[in-house]
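Structures incoming, each one as C-alpha cells.
The following pair of complexes shares a single chain, chain A, combined with chain B in the former and chain C in the latter.
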Partner chain A sequence: MVFSSLNYLFFLPVVFFAYWLTSGSLRKVVLLIASYIFYMSWLPAYGLLLLAMTLFNYFAALFIDRYRGQKILLWLALSFNLLILAYYKYAEFLCRSFFTLISPAQKAFNFTAFHDNHVSTIILPLGISFFAFEFIHYCIDVHRGGRPIKNPLDFALFSSFFPSQISGPIKRYQQFAEQLSERKTLSQEDVSAGCGLIVRGLFKKVALADNLASITSVGMNNWHSLGTLDAWVLMVVFVWQVYFDFSGYTDMGIGSARLLGFQIPNNFDLPYIASKNLIEFWQRWHITLSTWLRDYVQLPMTGFRASRLRFNLATVVTMSACGLWHGAAWHFVAWGFAHGLILVATREYLQMVKASSALRQIHAQSWMVPVACLGTFLLVLIAQTLFLARSVPDAFHLLITMLTPCRSAVDLSVRALESPVVVPLILYAIWGLVFVEISWLPLAALRPIKEFLSANSARKAALYICIFVASIAFAPSFANPFIYFQF
Partner chain B sequence: MSQATFAKGHIESTRARVRRTDSKWLLIAQFIVFLIGGLILLEPILSLAGVADEEVLEIDEKTGWTLMPGRTFTYRTEGYSRSTINSLGMRDVERTVAKPANTYRIAVLGCSLTEGKQVDLDKTYCQLLEKRLNKGNSPVKYEVLNFAVSAYSLGQEYLRLKHKALQFKPDLVIFTARPNSLLFMGPTLKTGFLHSPPLFGVLPDGTLFEDHNKQKMWLASADGIRTKNSHWLRRNSRLWGLAGRCVLSIDEFYDATVIHLRKLWSGEFSVEQTAKNDTEKKLSNNRNSKFRPEMVFLGRVAEAVLKAAKNDCQKADCKFVLAYLPASAKYRDPAEREIFESIAQRQKLNFIDFNPEFDRLEKEGNNNFYVVVHFSKAGNDAVEKYLYRQLVLQDLLK
Partner chain C sequence: MIKLNKAHIQSVESIETKVRDFLSGNSLLDISQAHSDTDLFKQGYLDSYGYIELIKFLETEFQILFSDEELVSGNLNTFANVAHLVRTKLESAA
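Moving on to the complex of A and B:
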C-alpha cells in the first residue's frame, strides 16, 4: 500500500477511528494489526519475514541485556540482520561482482543459470533497509547500556509501525518506546498538524514528483542523445524529483503518525535551499540516515578523538557505505564515495577559513550565504549524476554532456516548460515563501498572509482541502511508486 | 449560594455558551467561505496549468457521443498531449465544410487509435500523412480529415460517416477497424454514458438495422438527464471533471476491493498473482475467438456496416478503404483479422492490413509502437508510412 493511493485514503481513517475508539493495550493491538495489514498488502508472505526478524531481535536484545559484556551476542544479532539484508538486497550485486572478478573460472560455472535459478528470483522486501537499520540500532544501543523494550507488543510496534515502515524515517527506540508508554489523548493540534503534513506530502509526491518523473523518464530514455541544456535540465529536474518524492513520503508518514498521537523524527530541513556546504547538506538531507551512519558506522571507526587522516578516511568509507545502502550497484558506491571526498574537502576548506582572516571576512559577507547555498546545490547536482545513471560510464557520459557544449536533440527544456508541473512548482514556491522561514530571505512582509490563512482551524481545514483537491488535479493518471521504496 | 450569586452565575454561563456558539458558527462560516474561495481560485490555476480537462466527449443523439467543439484539453492518461478540438468537433486543425478547389480530401473514420490523444496533434498519423502528401509541388492539395472519436464502434463510425464526414465531400474514405472491433459491436449490460451507444443488428435480408433504444433509455434516465444538464459544467469546470474522475476511481476501487476480499476469503493470499491470472485468463478467452457464435454474429453485423458505408461512399462518389489497425501482441486476435479479410474479399473492399507490417517491424526489434494500447509517436510514424505506401500501391490517391 502506498501513502498516495486510494487504498490508503480509506485505510488511514479506518485505523484512525479504530485507534482512538479503543484504549490501553487494545489500542496497541489495533495499531499492530493495521501495521501488518499495511505491510502484507504488498506481498503477504513477507509479513512472516518481518515477524521473524522482530522475534529474533526482541529475544536477542533481552539476551544482550542479560549477558552484558558478551560481545558475541551482539555480533550474532548484527550478523543475522546484516545477512538477511545482504541476502535480499545484495545477493545479485555480490554474485555479479564476484563472478566478474573471477571471470576465467566463470566459464567452468554456469553463472547465468545460477543467476536465473537462485538470484533473480529474490524479491526485495519493501523497507528492509529501514527496519534492518532500526534493529541494528536497537541491539547496539542495548549493548551500550540502554534498557531493552520488555513488552513484546511494544517492540513489535516499534519494528512495524506503518507510518515509518517502508521508507523511514529511521526511528530511535528510546523516543518511540517513551511515546508508547504515554497516555495519549486526541488533540486538535495533532489532527491539524497531521492533516497539514499529509496534504503537503501528497502535493509534493503526486503534483510535483510524479510530474517531474515524466520529464526525467524522457531524459533517461534519450540518455545518449541529450544536448548540454537537456543534460542540465534533466539533472535539475531529477534532484528536485528525488527531494519531493522522498520528503513527500516522509511528510505523509510523519503526518499519519501525528494523527495517531506519535511524533517521529523529521528527515528533511530545506536541504537544497539552506545548506551552505555539503556538511550542512547532510545535516538537512535524510537526517535520520545520516545520524544513523554517524552513530553506528563512523563513530565506531574513529571514536571521539581520531586523527584528521583517520577521520577523513572514516568519512569516505561511511559515505561509500551510504551509497551502497541506496542501491546494490557500483554507481551508487561511486556516488557515496564522491560525497565522502567532497565532505573531506569541505572540512579541510572550513579549517582553512578558520585559520585565514581574509577568508573569514569573505564568508561573513551577507551575499555569501545564497552563493554558498547555490554552490552546494550545484555540487549535489553534479554528484547526483552517479545516482541517476545506470552505470559509472553512463554518469561520466552525462557529466561530459553537461560540461561540453553540444546541440540538443530532445528539447527536454521545452518539454519541462510545457509540462503541467510548472504551475504546481510556482504554487509550491509561493507556499514556501509564505509558510517557511528561510534565514537568508527577507520574508517578514509575507508574515501577515501566513497569519491570515492559518488564524484558526476552520481556515486551515479549508486550505488543506484545497491543497488536497489541487494534488488530485495535478496528479498524472499513472502514479509512480516512491523512489526510496527500492532502497 | 445566594439567589443573586446563582442568577449571576447562570447569566454568565449562558453568555459564555452564546459566545461559544457564536464562535462555532463563525468558524463554520469561515470554513465555508475559505473553501469556496479556494476552490474558485483553483479553477483558473488548473486552467493555466492545463490539467483536469481530460473530458472531451459530449452527448450526440445521432452517434451516442462526439468531441466537444473548441475544447482545449491536456491528455495524460497514456502518453501526453495538449491540443484543441477544432470548431467542427474533430481532433484536427481547423477545416471548412466546403471543399476548397483543387483539393483531394481523405476522411479517416476511427476510434481512439486514430484520434491519437496520446501524441500532439502534429504527430498523429493523419497529420503526418497530410504533410507527406503536400510535400511535393503537386497542383492538388491534400487534406486528411480526422473524424475519429474515442470509444467508437464500427457502427458509430458508420453513423459519423453518414451524418458528418460525407458533408465534407471526401474523395477517399478510410474506415479503420481496431483490434476487438467486433466485440465492441456487441451489446453490454452496463449502463452509463459510454455504455449506451446506438446498437446494430442485421435484418434477414442482410441489411443493417440501427437500434437506438438503449441510448434513448439511458438519455431518459436520471443519469442521462444529469449528464445532459451538467453539460456546461462538464465543458467549463475542471473541478467538476475532477470530481467525476474521482467518482469513477472510487467505483473501480470498490469493485477491485470486493474482488480481492473475496479472493482472500477463499484463501488465495497472493492477491496480485490472482489478479494477474484473471487478466491473462480473460485475454486468452478473447483471443482465437473465431468459433464463438457471437463473433460469427458480430462478423455479420460488421459486414452489414461496411457494406452500408461502402454504398454511401459510392453514392457520394468517393473511394472506400477498410484499414485493419495493429495492436500490441497482448490484444491481437488472429480470428478477427481473418473475419475482416474475408469481409473485404466478399464485399470487394480495398483492404489495408497493418498487422503483417507491424509483425515484421517488431521482429526487427522495434517494440515502442504503443503507449499501453494506443499508438506512441513511433507507432503513428509507422502507421503513416505503411498507410502511404499502401495508398500509393492501391492507386487510391488520384
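Moving on to the complex of A and C:
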C-alpha cells in the first residue's frame, strides 16, 4: 500500500475513526495493528522481520541501560542492525564487487569461484534503511544516557508507525515517546494541517513527479542518443522529479501523522530555491538523514575537537557512506563522494570569505543570494547525473553530452513541452509564489491572496478540494512507485 | 582546568553576548536577526563544523570542559541554551 493509492484513501479514514473513537492503550493497539497491516500489505513475511528487529532492539536497549558503560552490548546491537541491513541491501553488491575484483585472478589461474545465486533473489524489505537507522539511533542514544522506552507497546509503535515507516522522516525516539505519553485530543488545527499536507503531497506525487517520470524514462531509454539540450532537460526534469516524489511522500506522511495528533520532523525546506551553498542544501534536503549522519557517523568519527583537515576527511567519508545508503552500487558511492568533495570545497571557500573583507562585501550584496542559489542548484544538478545513471561511465557520458555540443536524436525538450506536466507545473509555481516565502523574491504584493485563501476553514477546505481534484485530473494512467522506496 | 571562584561566574547575558560576538565573526549571516531561543542549526547560523568551532571557543574562553554527553544531547542549539549550560559549568567549577 502506498500513500498515493486508492487503498490508502480508504485505509486512512478507517484508521482515523478507529483511532479517535478509542482511548488509552486501546488507541495505541489500533495504531500498531494499522501499522502492521500497512507494512504487511506489501509482503506479509517481512512483518515478522520488523517484529524480530523490534523485539531485539527493545531488549538490547534495556540491557544497554542496565549495564551502562559496557560498550560490548552497544556494539552487539549495532552489529545486529547493520548485519541485517547488509544482508538484505548489500549482499548482492558485495558479491558482485568481490567477483569483479577476483576475475583477473580467475582468468590467470583458470579456477571457478563459488558464486551463490541466492543473493540475487533477495528482496529488499521496504523501509529497512529507514527503520534500521532509527534502531541504531535508539541504541546509541540509550548508551549515551537516554532513558529507554520501557513500554513494549510504545516501542513497537515507534518502530512501526506507518506514516514514517517506509521512507522516513527518520524519527528521534525522545520526541516520539514524549508524544505517545501525551493525552491527545482531536483538534481542528491538526485535521486542517494534516489534510492540507496530504493533498499537497498527492499533487506533488501524481500530478508532478509521475508525469515528469515519463519524460525521464524516455531520456533513460535513449541515454546514448541524447543531444546537449536533451541532456540538460533530462537532468532538470529528473532533479525536480526526485524532489516532488520524495517531498510529496514526506508531506503525505507528515499529514497522516498530524491527523492522528503526531508531529514528525520535516524533511525538506525549499532545498532548490533557498540554498546558497551545498552546506545549506544539506540542511534543507532530506534533513532527518543529514542530521542522522552528522550525529551518528560524522561527529563520532571526528570527535568534537577535530582539526579542519580531519573534519573535511570525515565529511568525504560520511557523504560516500550516504551515497552507499542510497543504493548498493558504485555510482551512488561516487555521487556521495562528489557531494563530500563539494562540501569540503564550499567550507574552505567560506573560510576564505570570512577572512577577506572584499569577499565578505561581495557576499553581502543582495544580488548574490539568487546567484548563489542558482549556482548551488546547478552543482546539485550536475552531481545528480551520478545518481540517475546506471553506472559511473554512463554518468560521465551524460556529463560530456551536457558540456559539449551534440545533436539530438530524441527531442526530449519538445516532448517535455508537450507533456501533461506543464499545466500542473504552472499551477504549482503559482501556488508556490502565493504561499511560500522566499527571502530573495519580492512577493509581498501576493500576501493578500494568501491571507484571503487562509482566512477561514471553508476557504481552506475549498482550496484542498481543488488541489485534490487537480491531482486526480492530471494523474497519468500509470502509477510509479516512490523513488525512495528502493532505498 | 583553572578552579574558578564565584566572582568569576558571569551572568547568562554576558555569556550570550560573548557567544554572539564570536558567531558574528564566524558567520556570513546577520547574527543580530537571531533571538535567544532561535535554533542556530535550523536557521543556518551553525553547521557541524561551526559547532566544533563554537565548542573550541567556549572551552577556551570560559576554561571549561564539556563531556561528550553534553555535546550530543542538543543542549547547545540556541544562545540561551549555550549560555545556561556554560553558566552551570562555571557554577559547578567554582
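To be clear about the criterion, the second predicted complex is superposed on the first by the 473 of 487 C-alpha atoms of A that agree within 3 Å, B and C clash if a C-alpha of one lies under 4 Å from a C-alpha of the other, contacts with A are read in each partner's own complex, and residues count from 1 in each chain.
Heads up, the rule we're going with is that a contact is a pair of C-beta atoms (placed from the backbone, for glycine too) under 8 Å apart; a residue touches a chain by one contact, two chains touch by 3 or more.
Small disclaimer: the values here were computed from a predicted structure and weren't measured.
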item: Combined model on chain A where chain B meets chain C, clash or fit; value: fit
item: Partner chain(s) touched by A:360 [first = chain B, second = chain C, both, neither]; value: second
item: First, second, both or neither for A:456, with chain B first and chain C second; value: first
item: Comparison of chain B and chain C by chain A residues contacted; value: B
item: Which of chain B and chain C A:476 touches, first, second, both or neither; value: first
item: Touching partner for A:280 - first (chain B), second (chain C), both, neither; value: second
item: Cα-centre angle that chain B and chain C span when viewed from chain A, reported as a multiple of 10 degrees; value: 160
item: Chain B versus chain C as contact partner of A:150, first or second or both or neither; value: neither
item: First, second, both or neither for A:71, with chain B first and chain C second; value: neither
item: Partner chain in contact with A:304 - chain B first, chain C second, else both or neither; value: second
item: Shortest span in Å between Cα atoms of chain B and of chain C, once chain A is used as the common reference; value: 36
item: Contact residues of chain A, present in both the chain B and the chain C interface; value: none
item: Complex contacts: residues of chain A adjacent to chain C; value: 144-145, 279-280, 283, 294-295, 298-299, 302, 304-306, 308, 311, 347, 350, 353-354, 360, 363
item: Residues of chain C defined as touching chain A within the complex; value: 25-26, 28, 41-42, 44, 47-49, 51-52, 55-56, 59, 66, 68-69, 71-73
item: Footprint of chain A on chain B - complex, ascending; value: 27-28, 30-35, 37-39, 41-42, 45-46, 48-52, 74, 76-78, 80, 82, 238-239, 242, 246, 249-250, 253, 269-272
item: Partner chain B, residues of chain A touching it in the complex; value: 6-7, 10, 41, 43-45, 214, 418, 420, 422-424, 427, 456-459, 461-463, 465-466, 469-470, 472-474, 476-478
